[in-house]
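Mind having a look at this structure? Questions to follow.
As written, the chains take the letters A, B, C and D, and residue 1 is the first residue of each chain.
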Amino acid sequence: MNPAQPYLFLAAALFIIGMAGALARRNAILALVGIELMLNAANLSFVAFWRHGPHPDPQTGLMFALFSIAIAGAEAAVGLALIIALFRHRRSVSLEAAESLKG
Amino acid sequence: MTPWFLLFGGLVVVGALGAMALRNPVHCGLSLVVTFVGLAGTYLDLGADFLGLAQILVYVGAVAILLVFVMLLTRTGRGESPEVRPGGWWWGGLVAALVAVGLVGALASVSGWKPRSEPMTFPTVRDLGVALMTDFVLPLQLVGVVLTAAMIGAAILALPERRGGRVGRTPKGEEPEQ
Amino acid sequence: MTGHWITLLTFLPLVGALTVAWGGPRSGAARRRVALLVHALVAMSAMGLAVAFDTSATGMQFVERLSWVPGLGVEYHVGVDGLGMVSVLIAALIPLLAAVVSDRVAAGREGVYYPLLLLLQFGLLGTFTALNFFHWFLFWELGLVPAYLLVRLFGGKGAGPASFQFFVYTMVGSVALLLAFLALRAAGGSFDFLELAGADRGGALGRALAQRLPWGGPDAGNVLGWLVFGGVLLGFAVKVPLWPFHTWLPDTYTAAPSPVTMVLTGAMSKMGVYGLLRIAWPIFPEHFAAAQGVLVPLALATVILPTFTAFVQRDLKRVLAYSSINHLGYCLLAVFVVGTPGSEAGTAAALNGVVLQMLNHALTAATLFGFVEVLERRTGGVRDLEAFGGLRRAAPVFCGLMGISVFASVGLPGLNGFVSEFLIFRGIFAAAPWAAAVASLGLLTTAVFLLKVMQRLFHGELSVAWVGFPDLTMRERVWTGAAVAGMLVLGVYPDLVLQWTNPLVLRLAGGN
Amino acid sequence: MHAIATHIWLIPLLPLLAAGVVALLPKRASTAAIGLATGSMGLALVLSLAAFLATLGGHADGAAHATHIGNFDWFRLGTGSVRLGFLLDPLGAVMLVMVSFVGLLIFIFSIGYMAHDPNRTRFFCFLALFASAMLGVVVANSLLLLFACWEVMGVASYLLIGFWYHKPSAAVAAKKAFLVTRIGDIGLFLGMLWMYHATGTLLFFDDGRGCLEADALTQLGGTAVRGGLTAATGIALLLLVGAIGKSGQVPLHVWLPDAMEGPTPVSALIHAATMVAAGVFLVARVFPLMTGGVDTPVGEGTSVALQAVAGVGALTAVFAACLAVAQQDIKRILAYSTVSQLGYMFLGLGTGGVAVGMFHLITHAFFKALLFLGAGSVIHGCHEQQDIRWMGGLRRLMPVTYATYAVGMMALAGVPLFFSGFWSKDEILHAAWSWAPSRWPFVLGVVGAFLTAFYMTRQMAEVFFGQYRGGVRPHVGHGIPEATHGGTAGGVHESPGVMTVPLVLLAGSTLVLGWLGTPAWPWFEAYLNGHSAHLDFGRLAAAWPMMLVSVVVVALGIGTGWWVYGRRSRVGATAPDPLESQFPRIFRGLQARLYVDELYDATVVRLHHVVSMVCGWMDELVLGGLVTLVGLGSRLAAFSARSLDELLVNLGFDAGCASTRWGGRGFSWLQNGSAQRYLGGLGLGLATLAILVLWGWRHG
């Protein structure tokens, strides 16, 4: 077993939990939370690969994670703003309230 | 498999489960904070000091707080409808299980992992800064643009809309009841 | 010479701005008093600095140098030499003059206007004293924002589009500058102006860049060097402005309230000339020499074409705006022409002339726009030249003092404009006689349109509408009289300024 | 004498200080202003006389050059400094006396003339400024200082011409004068730059290092530029352009007659006797340069620059004299006569050297001052009437004015022996005769002399002889509405003493001055050159043929004039001029000043306007153009996009759409709007992919 594998398993677990939650919960905010968890799982893999991976570059993995965090911040901001807009229109944050965009 | 890993990994998994399974959304948010702290600890354990701190700052300090805020803002006086959609756990669990099979299978099947050829050098914050200003200056600028756009977009979305403007954004018959 | 004099001077307006905006005074009159007090304090401090300035030294004086971000070569490094001293005086005095006549424009909104004006002064002082690109650029941009807001919020007709155009134009210039400086830094240079001087000797900069940035072919160094030079030049050329980047200027100057125009033309336009002399010229002497074939004709166009355009304008402010372009065109012409190895005496004359012209134009143009404000507050904003005539009968003192200012602008000996224009022409003639001959056409055409202005405003029969036109009040007499006295003093005793600039110019001319 | 030589700067400074103080005085303090200005001018005259005496003493001491210089640093520049200086030499001294004397007379005359003008305080301020600048030009030992004073003088004259600014014609004339002379000034400016660049100094004399001294001249004369010209010639020609502008020579003469819009005798006098002489003085001052840098003896100066000087002068002398013949305005006649006489001065400088030209300058200054003041007196007496057709018969009504005017007229016409004009003009013609390069200047000079005598006779006859015709004013023009005229003479009266006394003084000087420069006793020339003169009638004998020619020409001119105008007096003001009825077309052309102004209007002025319009448009187009361009571009894009669409649609895209619609119905089941279903689909896809990869890895 190589040293990165525990971290990768942890990341996988996080990803799966996040995914299950994002699929199951009705509350749009909690769905967003699930997505955040998945994103964090990806970040964890980046860092794990950076630390234990074979590639000698000392920075790239970290940078990727760093940028990913920044993007996640943007994503959370926009997502939550959308939820607020949704709430203003529907008086609810249930995802079913947002299903009007059907084909 | 250090003790630290076990400790923080445990925090992560327990926090994540709580965040997804607890009924009260606010509790979910607090549980999420635990996850984030655990992740930050994991990063520190891995030697990514700056990233760990950034994780605390951004996720715990900003994202989680924001989530809790929004949860408080969007509370209605009505009785709580069921937080999980009917049959939701089944459906979600099934998909998640399938993904789990794929991922775990993939991870478990990895072999022939080459060890590092040279000793690890941990970059200092200064190194990171220099790298950001030189090699990564273009991505940095782009992230700046994205953040600015997100900020403006969020502000526009969250601002109250003008009265009488933009008919048709809300379809007829689905006006919110007062 | 130690002490934190420059920092104190620079940050004084910032403190003043905060005080006026959120500090003690509540009533408009009190805010105006406090703002005037701060402006006066700044002016006096700058004068004190000028008195303490050692005219025998060639280097920077009152230097402060603090490490800020050592890893990136960012320092807080300030100091003044002759060029800086003149510029600081401009930045200290012109806003004071503008603030004195701002009462009409700011009426009712003193809590916004005066802080913005003070912020603008803060940016100007910072720009003129900074010796490290990092905070220099901060100040450079900092000056832009209050200027934009002043034009936008307090301007007259067309202020919206004009201010937007102003902002976009200068912003494009700023972005070009920023990119160029990042490239300079990337090429292994530094952010320090003094250390950057001569960094491009023999195309070294371009080569270093080409090594650093691995894309591009074998000739990339040359191209990159030109790109960086072009970026720096564009940043300054827009600000001065150089023809054909001038189109924002007449609109902005016209739309801005006259006191703001005084600062724009008196002080902000000098940022461009200052930048050319402090930054562009020392770093890129060879590029300047090589680009002469393009730059000198453009500068000649800057000198001559606006004088023609001014002739057909009817709005007094537009006329004066074009006159400003023309006068700063001489500065550009001198900077561009002396890039060639001419006689050292010629180069010294031209550079001295440029610095002196900065001060002279600041004084003259600001005073003239001040007179426009005086006119506007009597006519309710009417500035159409066709609407006037015979004002000399109604307001002889106004016309007399404004007439002297106009003649200073024409370049009458005995007034300030003559000496600097003579020196500039002297320098140009040494290096490129034909350019001097062509530019001298501008001397004639300037007189043509300025005399037309005088004739339209002052001469002829007094029209009925302006029979009750009041002459200058006591307060107006004081400040216009002081300005005109300044023109006379500078015209008769230019050594007052040249004693600061000459040692610096000798160093520049010798180092070239 | 050294005291005055070292304090020579006081002479221009005194009026300057007076001007400064007067400028600050309130309007009502006119008495103080007049006292200050006139007093400063009087002091300047005293000092000038002292300076003049000092130069007289100079060559009595046997000094080769009675030149005293005082130089000082103005400001530091580069490794050196820019230096200015003052100088006192015979040339300057004689000018000083002339300028301050005539100037003082103007001041005194103006006290009476401007007595009722509400703005006389300011008027005296301008006058003092003007006098100061003119004196500054004379004592400057630096081309830069000279140029500075020269420009200030231009502004002062702008202010004086436009003094009655409420008259649009005055405002326009002032602007025109300033701009036209500024064209010349730019030549002077460029010449100065060149000089500075080539020699490194602008001082005329600086103990051997000055730009008019041997070292610099040799260097300049030895530097070839192109076309075989030396740097000295180039600079000299540029300086000449400046002199042409200031002295109203062809082709820049157009401003001078218009300048008569100023307050009548005063401004006219300034622009006739003193300021315009500055151009001549400049040429005289830089004469060593004009000779091409080679110190040739006077009379053989045949450098290119001197040829140009002579050519311009001769042309102007005749051209302006022609125009003077057909003018009706008494001041305009004198103005053109001034232009013409200035032409003579240039001719004299070009062919005969400094002494010849300067002698005419001095004599002319006095008799032209006399004529202008006389004209002022006439105008004043005739109630601001300036048109000679409406005068006549003033001989009996204004006897003093008549007598003095006659002296001036005869001096100008060149009536022999007793009148200074004769001697100075004769010298010029003599020099032109013996000029090597060409005879043309001489011929033109003789023609000019004839015309001068002719038009002056015409003027005399029209103004002073015959009957007074001004009973009814031809038009209620500018100025104050006329009061009722009593009697046939229309209330014409002799002027008061404060105006006639200067006339008499000037008439006296006119008679005396001529003796300073006769061939028999060429004191003036000797004085300028710094040696003493000897009385020798033999030289007179040598010069007599030329004098005879001169006398004959003058007699012809006066005779013709009398025959045309004096023999039978004009019957009424509206009757046509005798010449006009004989040669209507030529006369009207001359009257319209040969359409030179119209020519300039149609070319230079029009060109300036057109270029200005184009530049104005350009600025708008660059602005508007960008916007238009962007709009055009987007419309083009929209158009092409639409054509592309239609093309594709026509190519059977419709058919594809049908199947798409069918497929869409099926897919729309998937697009049910539930985000979670989408996410689930994504998860399933991921799982499938992972399993496939895993499987492929295992078996690959």
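As a convention for this text, contacts are C-beta pairs under 8 Å (C-beta built on N, C-alpha and C of every residue); 3 or more make two chains touch, one makes a residue touch a chain.
Just so it is clear, the structure is predicted and the values come from calculations on it, not from any experiment.
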- Message: Taking the mean of each chain's Cα atoms, which chain ends up nearest the overall Cα mean?
- Response: C
- Separation of mean Cα positions, chain C and chain B [Å, integer]: 51
- Could you grab the centroid distance between chain A and chain D? Build each centroid from C-alpha atoms only and quote it in angstrom. 85
- Message: I'd like the Å distance between the centres of chain A and chain B, where a centre is the mean of that chain's Cα atoms.
- Response: 4
- Multi-chain touching residues of chain A, meaning two or more other chains, are 19, 22-24, 95-96, 100
- Would you please write down the residue numbers of chain B that are in contact with two or more other chains? 85, 91-92, 95-96, 99, 103
- Task: Please set out, as single numbers or ranges, the residues of chain D touching at least two other chains.
- Result: 676, 680, 683
- Any two chains that touch count here, so list every such pair. A-B, A-D, B-C, B-D, C-D
- Message: Please output the residues of chain B touching chain D within their complex, sorted ascending.
- Response: 85, 91-92, 95-96, 98-99, 101-103, 105-106, 109
- Item | chain B residues touching chain C - in the complex, by the definition given at the top | 126, 129-130, 133-134, 137
- Message: Under the definition above, what is the set of chain B residues touching chain A in their complex?
- Response: 1, 5, 9, 12-13, 16-17, 19-21, 25, 28-29, 32, 35-36, 39, 42-43, 46-48, 50-51, 54-55, 58-59, 62-63, 66-67, 70-71, 73-74, 76, 81-85, 88-89, 91-93, 95-97, 99-100, 103-104, 107, 110, 113-118, 120-123, 127-128, 131-132, 136, 139, 143, 146-147, 149-151, 153-155, 157-158, 160, 169-171, 174, 176-177
- In the complex, chain D residues that touch chain C: 23, 27, 74-80, 122, 144, 147-149, 151-152, 155, 162, 165-166, 168, 170-172, 175, 178-179, 182-183, 186, 189-190, 193-194, 196-197, 200, 608-609, 611-616, 618-619, 622-623
- Task: Name, in rising order, each residue of chain A that touches chain D in their complex.
- Result: 19, 22-24, 31, 95-96, 98-103
